[in-house]
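As written, the chain order gives the labels A, B, C and D, with residue 1 at the start of each chain.
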Amino acid sequence: MSSLDTAPELDVTQWFNTPEPMTLGALRGKVVLLHAFQMLCPGCVRSGIPQAQRIAAIFPASEVAVIGIHTVFEHHEAMTPVALAAFIHEYRLTFPVAVDRPAGDGPIPSTMAAYGMRGTPSLVLIDRAGRVRRHSFGAEDDLKVGAEIGLLMAEPM
Amino acid sequence: MSSLDTAPELDVTQWFNTPEPMTLGALRGKVVLLHAFQMLCPGCVRSGIPQAQRIAAIFPASEVAVIGIHTVFEHHEAMTPVALAAFIHEYRLTFPVAVDRPAGDGPIPSTMAAYGMRGTPSLVLIDRAGRVRRHSFGAEDDLKVGAEIGLLMAEPM
Amino acid sequence: MSSLDTAPELDVTQWFNTPEPMTLGALRGKVVLLHAFQMLCPGCVRSGIPQAQRIAAIFPASEVAVIGIHTVFEHHEAMTPVALAAFIHEYRLTFPVAVDRPAGDGPIPSTMAAYGMRGTPSLVLIDRAGRVRRHSFGAEDDLKVGAEIGLLMAEPM
Amino acid sequence: MSSLDTAPELDVTQWFNTPEPMTLGALRGKVVLLHAFQMLCPGCVRSGIPQAQRIAAIFPASEVAVIGIHTVFEHHEAMTPVALAAFIHEYRLTFPVAVDRPAGDGPIPSTMAAYGMRGTPSLVLIDRAGRVRRHSFGAEDDLKVGAEIGLLMAEPM
């Protein structure tokens, strides 16, 4: 997908760290950072997930929503929801995390496919109007991500 | 000084990495990041100076001007301009660096005093209109600094 | 257990990264570094496992044997052998790794119990004669561990 | 110089962090780690000097002597003894540091020339009998250096 498209709604099966399921629709008006990861992806554990944690800690939740999405596309038998629950506990993740819906007919789960993600970690920034403004794969520089969040925060609702 | 004041003009004796002296006045319209350091300050060498280098590398020079200022307030006999030249060379600094003007009657140099800096590293963010918008002392988080630069970049001239 | 005791033999159910099962008995004459970890233990992933990898890379295998042992004592349903296989693959571990034998009647697996380990990561250094010479819990300094390996290497068989 | 030669005596002009000048001759019986650095050498500041500090902190002074030697071969006007004093103070170095004697006729100081050092940081390990056992240039792995110190400590006097 190209950017400036409306962000596809999340298609997930389960949530952690939130009292009830979340939707992008209900988050209109906020900047949303979607962090797609796999719990056994070394680059996610080393850089992507800690960055998402820092973003959730630094920016006010009323302005910026951080959502993790567990997009398992390999080692499905190892990265089950019960294993993810242990991972979230051990790494003390506090932001909401959703489990991407497994596809009926292939390894790529539903939301990952809808966004055309190339792997994990992937970072998607969605503006207050619900449009994708950044979509990237791999480790991202804190300064750059911070500046993009700042630019999106500066936009009127 | 409180923030939202107009940033005092730099009062310096010498420049490196720029063909001619710079003034804040001539930078109106750009976001300016002023990084005050001492070459023998471990916190500057470890975090402040590399952060300034990264900012200079990441943001377009047409939008964000990074200026280093060598605010020597201790060990004056060690941190001379000739020593600073060697330091800039060895650490491969590429952004413009000015030497703060020594005071006639005390250890604190002129620009450092005008800004009321508490030590090094200090970070000052100046908006497109020339007003101080952030003034901080010590190591600063990349995400936070990035977001503030992004917010200032989003402001109209 | 106190140090200078003979190291208890490994009691494990499965091996990775080795053509056939290993025993401490067969390693007499070499210095053995036993690294006990859990794949979802953040301290193991961040420091213990990379240290074990570096030790395996730096010291000649003819002198120093590095053995990982997956001592699962919590989140048993998440850290199964099939999940461990994925973890070893993703983190590109190359040293032999054994799966500690689950206890019949409690969370602590067999080898972990025999060594009296307090948690993960744990590090055990065994001398050429098969005696435990270091037994520690938590992150360990490379210089210190290196020196202890050097001291044990210097001992005659 | 090749290794296994007797380590040339230090030829220095000044000492810091020691009540009186030190000589390799008087250190016979101990393992000696000689760390050659320049205060404006980024690799020294980032890795070599902190490693020397850690070694001095970890190993008993009765067994291992850590000596820094400021081997200035460039930017002589910046790296004067008075600047070195400020550097030692700011970086809180606690091990003894000597100033290598400037040559009468070239940039390379006396001790640096006698050891045939190629630059900074350089690391020299001297055994209890006063012989050079390691001589290296550049960043060195803690595990490897630790093991070599351990091996030398294990040798009888």
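Convention: a contact is a pair of C-beta atoms (placed from the backbone, for glycine too) under 8 Å apart; a residue touches a chain by one contact, two chains touch by 3 or more.
This one's a predicted model, so the numbers in the text were calculated from it and none came from an experiment.
Most remote chain with respect to chain C, judged by CA-atom centres, is B.
Averaging Cα coordinates per chain places chain B and chain C 50 Å apart. Between the CA-based centres of chain A and chain C the separation comes to 35 Å, rounded to the whole angstrom.
Not a single residue position of chain A touches two or more of the other chains. The touch graph of these protein chains is a ring, one cycle where each chain has exactly two neighbours.
Note for the complex: chain D touches chain C at residues 51, 54-55, 58-59, 141-151, 153-155. Remark: chain B residues 40-42, 45, 74-75, 77-80, 82-83, 85-87, 89-91 touch chain D in the complex.
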